[in-house]
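Note that chain A is present in both complexes that follow, paired respectively with chain B and with chain C.
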Partner chain A sequence: MRLTLHRAHLALPVALVLILGCLLPLLLLIAFSVFTVDMDAFEMVPDFSLANWAQMLTNPVFAFLIGKAVLSGLITALIAAVLGYPLALSIANLPIAWKGIAQILLLTPLYTGEIVRIYAWRVVLGSEGLINAVLEGLGLVDEPVKLLLFSPFTTHLVLLYNTLPFMVLPIWISAELIDRRLIEAARDLGARPFEAFTRVVFPLTIPGLGVGLLAVFALSAGDMLTPSMLGGTSGATPMAMIDNLFGTAFDWPLASVLALSLLITLFATASSIGFLLLRFKGARAVLQGGLK
Partner chain B sequence: MSDQSVSRNPATSPLLLSARGLVKSYGRNRAVDGVDLDIPERAFTTFLGPSGCGKTTILRMIGGFETPDAGSLILDGRSLVGVPPERRPVNTVFQNYALFPHLTVFENVAFSLTLRRGAQDPAPRVKRALEAVHMGEFGARYPHQLSGGQQQRVAVARAIIAEPHLLLLDEPLSALDRKMRGHLQIELKDLQRRLGIAFVYVTHDQEEAFALSDVVVVMNKGKIAQKADPVTLYARPADSFVADFIGSATLVEGEVLACTPGNATIATPLGTITAPAIEGLQTGGRAALVLRPEHLQLDGCSGMILTAQVEHVVFKGDRYMIEAGIAGVTLRLMSNRPPEPGTLISIGFDPVASFITRIAT
Partner chain C sequence: MKRTGITRREVLATMAAGAAAGVFSNAGAARAAVSEMVWATWDSNGHPEYVTGFEKEAGVKVKLSYLSSEDAQFAALKTGAAADWDMVNPSLNGSWRYIKAGLLKELDLSKIPNASLMYDVFKTTPKVMDDAGKTFAIPYLWGLNPIVYRKDKFDKEPDYTTLFDAKYSGQLAMRDYALESIAIAGLVLGVPRDKVFVMDAKELAEAKKLLITQKPLLRTYWQTIGDLTNLFATGEVSCAFSWRVPFDELQGKMPMGMAKPKAGVMGWCDCFAMPATLSAEKAEVGYKFINYLLGPTYSTDVAKIGHYATTSSVIRDKLSVEEQSTIFIDDMDVMKSFMWPVAPPNYSDWLKIWNEVKAS
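Up next is the complex of A and B:
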């Protein structure tokens, strides 16, 4: 399916939203990033300066925070893919009545707010929490396992829990769209069930897997609440720092520099993921020709 | 693969596939209800019937995509029960082709050759298979860049490259327009002769079945209604279902008054008629007289003369098709001149050319 020129007007509303809601703030950020703060008057003045960019590049704290966010996003996306892919395929193979139930179960966590979920996890994972109570009750541990709450483990467990539906849904849909006769054709031509999977099913679900990876990466790399409320001392994020710089510190130029740097890094990482997936044999043909 | 010493005549070729008592049900519905079948080597066999008659289910059982509830299926002297599709010496051309959309034409055709480790370079064989279906130039294309007819050819190339003992074709031409269908029928028949392998073909199109097949198996409600060559099927239908499904026919029911070997006399609304008949009719039972348009002649003056009233006249290009009513029966015949609707015409009819058959249950 190609977007021909005479249909281009259909994209106009989205284009407007993108320009007004995304490009404009971005231009403002770029402008702010080369301004300076007059600390005496406590206001931002449009005096050109690259000092903030220099600080960004020289102070390792910023690079560390951004790197941590990217790594966090990548780890969550990879684990979500490993857990979500088989789950998505099994849902696609369920009888039709069970699919509806699976979809409700899959999406239920999303209907509760993020804050509610975070406090629920605290109740489950805390020192006085459910899991520790069970472990102690069974005599498996003498004192509460501290690692369960306020650690990188907690952060990633909850990020995974929050983002798994965004991995499962697109893979499920792409698996659902595969004509069953393609699998029969593969078997007919001599492929064992596992070969039919690797040669036919997997390549045809790469678009879904790609969407899932990108969605989970973006959601978890850009998350602030989960790490800061459940990650304890490990919970520092570039987002929280940007929040501080804009708010408490009133250093908008530095905040803009950090925000832009984070944006560029996440964008570059996401593009690399997309590019790598398109290099997979045939993924491009599927996107161009559809599944028929 | 195939033994060159065996006979060229399909009718006397050794047996390739043999089925006994095949049954397959979906819930309460018996899709295939006790089918016995023998398919010789090198034969072109077609399963013909309306949708839901069980023809595709039989094909899928031979291919290994459905497991029979009961019965045996023997290919090359070995039972197919429990053998998965990938281990059967059978390949399938699927309805709508089922080409792999993420693979090029070359890769689609090479698929079965590249599955095994240490396989030789598939290129020469792929090239030969693609040339056999006149698609040699298209190896680098993806399926979505091909027309329906081209996709169909690729599907055939992909299915014959592994040299199956039996090729199954599931309504392979049904998605194509009429002209392309006629063209590909000739190509398929030609290919089957050149390859010398048995084809089992499924279609609901009687013309297609006649154009292609050595043997046509007409299916009705999960059972075989008749298995014969096209000429026999047309002239000596085993029951009224076959007579009605094959070609154009008017069926006139009546009581059997007398049976002699090869002939029967029945009392019909058109009068008492003696005509060639199927074996096994019972005196006093009911039977159906099969009247084909070519048995009836407008203004004919030999044999029986029937006077009927013209109901419809339809221009068919080369001739007119006339529907005319007599004693509650609508006769269909062809003519070079169009009579006026409502007028009475006399129709000549030679009973010896017609046929009396059983009434289908």
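Up next is the complex of A and C:
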């Protein structure tokens, strides 16, 4: 029997590592979630108990934290899409030399570490920071605007700044791949610029938009450092609680239940986003290699 | 031609050398067997210059392995990932869980002469013993977690109630840490300091209510001590339950104050311990090392360089009053109001309460 090597087969080793890297910890989490802890011996006991799952379903704080993470991810992804989409199209229309510069500028947030960015934002948004100094200097406010720092606004502003490149890059690539002759054909057939955009450009950039939405959603919903260091008293996240439960509390079963619940919710939300996007004809056309 | 074997002369030389080593090195066998000890500790406790005295004295190299968190230390010992650690650093508050988990070697206090110089509060603490009264860890370094504040913003020295006072809304910060924050709420509610870490459900519910009312008054919850120092330096926060670091770092740049509330001063204390599986030879060196930590060289270095106090009184009288004050040993009465945060067995419930407060 002759084995033909397709391009898809080249992805097998990496896919295998990814599957194993995801599956093994996941299986461990599932097992731990029904175990109990013997606090006298500091041992996990391989029982079968659904008490932790019952706690997850009955204590509203867990649902609140997970819901907050999902909402935060969705808000950031939507704003990033609204801001990132026109930016990506503009970059796609730049002369080639400017595209290089745009790429460097776009990736600037990623060149520095997260902690450096967090402290830089504190300098910009703080009570004695740059923006408040300008506002006070111009006589627009008498006292520093405290809401700029340590509020949900700060968290989402910084999440947006951190994740915008992950939205712009895939849309930009999608826009670059559009055959310009399709736009010209639409115009020749009488479509106005806006119509050509809605009927040709937008549908064909939906796969890029989809990748961007999913990436920004995952990065924002799963972030712990930005909310905790810039969100002030509103910075609680399920990740911080998981960290505490695995650590000081030594309650690995409850931590596993919370981690699995978060994972299931994020996965369901991401799947819904993907499902919604696939309802667009343009996205299906790109992914299937043509309309069927 | 490349040689592939050994000559008769080499064999004889090797045998002679082996015999000589056997004859001449018996006396120093234990020392020769242990040339290096790995000490897992915090970077602030184990600067290389702090241990050079011991290295010279004992002829044993101390390799420093810095800890990232107490939880990571516990997990490493529990899972066997810390096989190369010879000496470890459990906190006084957390020692009980290492002891319960059987991770530490029982200690023979007769091999630590300097243990007799420890302040009574540390010498008699049951937190390093098992139920049978056997000792598994030795407290060696301690400090206080005070309230740090800006003197120019407060008329009088703050106490824990200040952290709940609407008059100072927007200038206050609490640590994002269930154990200490809930305990402080308990103290404000009047729970005695010896009961505050074992509060019953009703007291915990009251503490939760109080913390929810406090939340809008806070500028933020601080995460790391560097984070809090930055918050003071940038004028975001004027008063916080803290460690002493912002006071030391910012004194001279702004008018900083440090308050030790009478309701109870939260203390921290690091202990020396050895893993249960440590060999007898290495344990002998470990005893010498803890004796060194409680002796004059380490105590002086750590007081003058790091501004920390050991649990030993060995150098107290040789320090100036100012130096004593820096490390909180000028007024020994402070030890009467010590409280040692201990994670209670129902700590998961505390965490849930803390997250309910933050989610409110």
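Keep this in mind: the second predicted complex is superposed on the first by the 278 of 292 C-alpha atoms of A that agree within 3 Å, B and C clash if a C-alpha of one lies under 4 Å from a C-alpha of the other, contacts with A are read in each partner's own complex, and residues count from 1 in each chain.
In the analysis below, contacts are C-beta pairs under 8 Å (C-beta built on N, C-alpha and C of every residue); 3 or more make two chains touch, one makes a residue touch a chain.
The model shown is predicted, which means the values in this text are computed figures rather than measured ones.
Participant: Chain A superposed: clash or fit between chain B and chain C?
Facilitator: They fit side by side.
Participant: At the Cα centre of chain A, what angle separates the centres of chain B and chain C, to the nearest 10 degrees?
Facilitator: Once the two structures are overlaid, it is 150 degrees.
Participant: Applying the touch criterion given at the start, work out whether A:Gly222 contacts chain B, chain C, both or neither, answering first, second, both or neither.
Facilitator: neither
Participant: Using the touch definition from the top, say if A:Arg199 reaches chain B (first), chain C (second), both or neither.
Facilitator: In the superposition, A:Arg199 touches chain B alone.
Participant: Thinking of the overlay built on chain A, is A:Leu189 touched by chain B (first), by chain C (second), by both, or by neither?
Facilitator: first
Participant: With the two structures laid over each other on chain A, which partner does A:Ala285 touch: chain B (first), chain C (second), both, or neither?
Facilitator: A:Ala285 sits against chain B, while chain C stays out of touch.
Participant: Counting residues of chain A in contact, which comes out ahead: chain B or chain C?
Facilitator: C
Participant: Once the structures are superposed on A, label A:Asn244 by its partner contacts, choosing first (chain B), second (chain C), both or neither.
Facilitator: Second partner only.
Participant: Applying the document's definition of touch, where does A:Arg181 land relative to chain B and chain C: first, second, both, or neither?
Facilitator: A:Arg181: touches chain B, not chain C.
Participant: Can you work out, in whole Å, how close the C-alpha atoms of chain B and chain C get once everything is superposed?
Facilitator: Value for chain B versus chain C, nearest C-alpha atoms: 46 Å.
Participant: Quick one: in the complex, what on chain A touches chain C?
Facilitator: Its residues touching chain C are 39-43, 59, 61, 64-65, 68, 119, 122-123, 126-129, 146, 149-150, 228-229, 232-233, 235-236, 240-241, 244-251, 254.
Participant: In the complex of these two chains, what residues of chain B are touching chain A?
Facilitator: Residue list for chain B touching chain A: 63-65, 84-86, 90-92, 94-96, 98-104, 111-112, 115-116, 142-145, 158-159, 162.
Participant: Given the complex with chain A, which residues does chain C contribute to the contact?
Facilitator: For this pair, the touching residues of chain C are 69-71, 78, 97, 100-102, 170, 176, 178-179, 215-216, 218-221, 223, 227, 230, 234-236, 343, 345, 347-348, 350-352, 355-356, 358-359.
Participant: Sort out for me which residues of chain A touch chain B in the complex.
Facilitator: Checking each residue of chain A against chain B gives 179, 181-182, 184-192, 195, 199-200, 203-204, 281-283, 285-286, 288-292.
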